[in-house]
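One chain, chain A, links the two complexes that follow: it is found with chain B in the first and with chain C in the second.
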Partner chain A sequence: MSLIASNLSFKPGNEWHLDNVCFEMSKGQIYTILGRTLAGKTTLLKTLAGLISPDEGTLTLDDRDFGSIPVWKREVAMVYQQFINYPHLSVYENVAFPLKQRRMQSDQIKARVMKALQQVGLDGFENRKIQALSGGQQQRVALARSLVKEASVILLDEPLVNLDYKLREQLREEFRNIFSSEASKDSILIYSSTDPVEAMQLGGQILVMDEGRILQQGTSKEVYENPNCTKVAQITNDPAMNLFEGRVDNGRIILSSEIDLELPQHCKGLATGSYIFGMRAAGITLNSTGFPFSVELSEISGSETFLHIRHEMIGVVGLLDSVQNFNTGEVVRVQFDTLQLYVFDQNEQLVSSPYRGLE
Partner chain B sequence: MRVLYTSLKYLAVVLWSIFVIAPFLWAVSTSFKDFQSVTNGATYIPWVDFEPNLEGWRALWKSPAQGGVDIVEPFFNSVFVTASGSLISIILGTLAAYALSRFTFKAGFIRNGDITFFFISQRIMPPVVLAIPFFIMLGKFSLLDTLAGLIIVYIVLLMPIAVWIMVDFFNKVPVEIDETALIDGCNPLQVFYKVVLPNSIPGIIVAGMFCMIFGWTDFFFSFILTFTEVQLLPVAIVALNSSITPWWSLSAAALVSVAPLVLVAFIVERYLSKGNLSGALK
Partner chain C sequence: MNFKHKYLFLLPGLLVLLAILIFPIGFTVRLSLSSWDSFYPALDFIGIENYVRLFTDDARFWEAFGRLSLLSVTTVFLQYVIGFGLALIVWKEIAFQRFFRVLFLIPMMTTPVIMTVIWRTFFHESLGPVNDILSHFNVAPLWLSSETLSKFTVMIVEVWQWTPFMFLLLLAGLLSLPKEPFLAASIDGAGPIRTFFYVTFPLMAPISIGAIIIRLIEASKIMDTVYVLTSGGPGTATETSSFYIFIKGLREFQFGYSAALSLTYLIIMIISFTIIAKLLVKLMVRGN
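== the complex of A and B ==
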């Protein structure tokens, strides 16, 4: 079973919400649509669900025209980022709702509902009112309702974004277990997220979206290791990959009058000229023999510190694997790990990556 | 300081309560008086100032020929017209409001907000402006002085209230609920009656209450558009005010006219606090 989108485009106003979107997805796989807010992720999911009719393009599922099927007849299930349930129904009735719409036998409905509730850890909650549940439990009900349909396509629109950190971590783990189990072996799972860490943890394929376009599609490893352009490099990293302009000349990378770096092995052969260089925060560390940068901001995140530093026009974020305090304006010495250096051309396309060398 | 503030607060509440309750107490007291007790100076406390009797209440269902005021027929006329007008207004108003809330209408410069305003603009105009066209139209269709004519007029008058309240209510119901129901296999009509409607009961009750209050208490249109065949309760009560006003019967009739609204308010009050949408979108 495969879902194929060809040239999907949607422009409700002056801006493209979907711009020539093409992809092919196979059953039993998890696909994560990764992009910033307003990238077009929700529009794409709603288009797949049938809630939005694209201006152009086609959707086929197993060679059938999927796009012309009315939403209420499509084999899709969807979980929203808000915890959407039917407040006038109990937990059991909520999960049973799509099956009742299909006029299934009550014993079959019961069996399926109980199984779905068990999968999401809500067995014993059948008679509870939705209002009596916590946010995490409400989202589990929504998830159970999406699983119970055994739909061909399951759409998850940032389902964890409104949960607190701890619960998000817990549910993310549970989601992965549910989706990698029997429950979804016959479905195509499409998960949208703004969080690159979440996308990487879910595994599967990643589709990076920006301004309604799919910039790159590949396995999480491939997208992480070889982002095909600067936008993908930024979207797939948290904090976003540092980008700074410089020149390659005489086997050295010249970033400013004071900063020049030796060209690493994977960049040997780069022609002389101007490039955009990229480096993840983890590649920028403190070193007493490094280059002078002044601190603009230091953020403590758990056991790590994000250090926002600047040298002339070069503003970067470094990641320190310990909690440290810095004063604004304080001068620190910084080292660039050139083995982790990415090079993009002036059109922002990848030229060289640490994992694949020159393109 | 705090004690003074609390005392003043309670004093204000007590004074306001007296101000609100006093006319009712006056009406209740008067309804148990007779001609002597009403006309021989102010009397307040039953069995002390005057001897209470049920003459005023008995007169309500006696015919004028028997010395009564007979408000039974006007009462049931009012019940029928108000209930029918409110029910139809709520049904049509809820459907209209759902459409205005969920779909985008464009006709030249007119948008959804304008259409909603057109509905309510009928309530903004002075009633007398509407009365003449209503009078002429009902006359053309031979509906003057009929219950059907009054129901039609009441639908026109009450539906804007239902639309206004329900549009606001539906706008607060997340559209994602509708979308989820569509995805779960409901067609658009099923979305409305299986999901949106059950979650809109508090809004419908509020809109229904307002429709019933405005319909039940209307005097102007029922006075203008009826003559001899049909009489509604407010007109019948006012008609009691003649050269010799039977204040005891008038008070009893006034209390009877208030009773249905009080009863409805008590019945629906518990529904107003139930069935909220907190579980739909946390």
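== the complex of A and C ==
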């Protein structure tokens, strides 16, 4: 079973919400659509669900025209950012709702509902009212409702975004287990997220979206290691990959009058000229023999510290694996790990990556 | 401040309540135990004689009560169905939506008594435009002088007059519904009709119950329409409880007896509405 989108476009006003979107997805796989807010992720999911009719393009599922099937007849299930359930129904009735629409027999409905509730850890909650559940439990009900349908396509639109941190972590782990279970083997799972960490943790394929376009599609490893352009590099990293302009000249990388770096092995062979260089926060560390940068901001996150520093026009974020305090304006010495350096051309396309070398 | 002083602040409100509610009810109870009428205008004490008369020797009151039940239940049911239908139409994005919203509200903006006079002219059996049109088909129904049809005519006027009120309440309810369950229902495979029965209608149940109860209370007081349109006739064919109490009290001046009628009517109404409200909750909310 495969879901194929060809040239999907949607422009309700002056801006493209979907711009020539093409992809092919297979059953038993999980696909994460990763992009910032307003990238077009929800629009794409709604288009797949049939809630939006694209201006152009086609959708086919197993060579059948999927796009012309009305929403209530489409074999899709969807979990939303908000905890969308039926407030007037109990947990059992909520999960049974899609099956009742198919007029299944009550014993079959019961068996499938109980199985779905067990999968999401809500067995014993059948008779509870939705309002009596916590946010995380409500989202589990929504997930059970999507699983019980055994739909061909399961869409999850940032389902964890409205949960607190702890619950998000817990549910993310549970989602991964559910998605890799037998129950999901016959479905195409499409998960949208703004969080690159979440996308990487879920594994599977990643589609990076921006301004309605799909910038790159590949396995999470491939997209992480070899982002094909600067936008993908930024979207797939948190904090976003540091980008700074510089020149390659005489086997060295010249970033400013004071900062020049030795060309790493994977960049040997780069022609002389201007480039955009990229480096993740983890590649920028403190070193007493490094280059002088002044501190603009230091953020403590758990057991780590994100250090926002600047040298002339070069503003970067470094990651320190300990909790440290800095004063704004304080000068620190910084080292660039050139083995982790990415190089993009002036068109912002990848030229060299630490994992694949020169393109 | 001494906590006991709170009663001082409650006193003005309690006095107003006493004056406008408790005193009239208390006086009516006392009046119902007297034989006060136009011949003997005094607050004597005759015990429960008026109540005995009502329960043993006044079939006309109970017939009027039965008629009232039929009229109010039927008209409120029709108002609910039509009002819900109209609210659903303008709830969706349709052309000239604002125009239709105002159009549907026009009957409520008119004066009920004057409109009933117009309706009476409309249904006049020899001069009215309805029979004028129907005469082309060789039909001339007796809208106001047939025992059966006169009830139907009262219903038409009541439904026309009060459907906009129902429409307004239900439209407000529809507009306040969360969008999410509808989104979920469409994805879950429910078409427009099933979405209505499984989502819209259950979500509207609390608002529907409120609207139905309000209208039932109003409809059970039906008086002006009957008074202007048929005067309870032909015979007593359209006479309702309130109209009968009005005849006993303000035409025949049997104040003591009409007070007993009013109190009995009030108690029956309180019990009826309590049962109806419980039934509606069971039917519309728990039934989901």
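General observations
The working rule: the second predicted complex is superposed on the first by the 359 of 359 C-alpha atoms of A that agree within 3 Å, B and C clash if a C-alpha of one lies under 4 Å from a C-alpha of the other, contacts with A are read in each partner's own complex, and residues count from 1 in each chain.
The working rule: contacts are C-beta pairs under 8 Å (C-beta built on N, C-alpha and C of every residue); 3 or more make two chains touch, one makes a residue touch a chain.
Only a predicted model underlies this, so the values are computations on that prediction, with no experimental measurement involved.
With the C-alpha superposition on chain A as described, chain C and chain B clash in the combined arrangement. In the overlay built on the shared chain, the residue A:97 is in contact with chain B and with chain C.
In the superposition on chain A, A:105 makes contact with neither chain B nor chain C. Between chain B and chain C, more residues of chain A are touched by B.
Using the contact criterion defined above for the overlaid structures, shared-chain residue A:72 touches chain B and also reaches chain C. In the superposition on chain A, A:131 makes contact with chain B only, not with chain C. In the superposition on chain A, A:250 makes contact with neither chain B nor chain C.
By the touch criterion defined above, A:145 reaches both chain B and chain C. Contact with both chain B and chain C is seen for A:82 once the two complexes are overlaid on the shared chain.
With the contact threshold set out at the top, residues 49-51, 71-73, 76-78, 80, 82, 84-88, 97-98, 101-102, 142, 145, 149 of chain A are in contact with chain B in one structure and with chain C in the other.
The part of chain C that touches chain A in the complex is made up of residues 178, 180-181, 183-191, 194, 198-199, 202-203, 205, 285, 288. Listing the residues of chain A that touch chain C in their complex gives 49-51, 71-73, 76-78, 80, 82, 84-89, 97-98, 100-102, 142, 145, 149. Within the complex formed with chain B, the chain A residues making contact are 46, 49-51, 70-74, 76-78, 80, 82-88, 97-98, 101-102, 129-131, 133, 135, 138, 142, 145, 149, 162. By the touch criterion stated above, chain B contacts chain A in their complex at residues 174, 176-177, 179-187, 190, 195, 198-199, 275-282.
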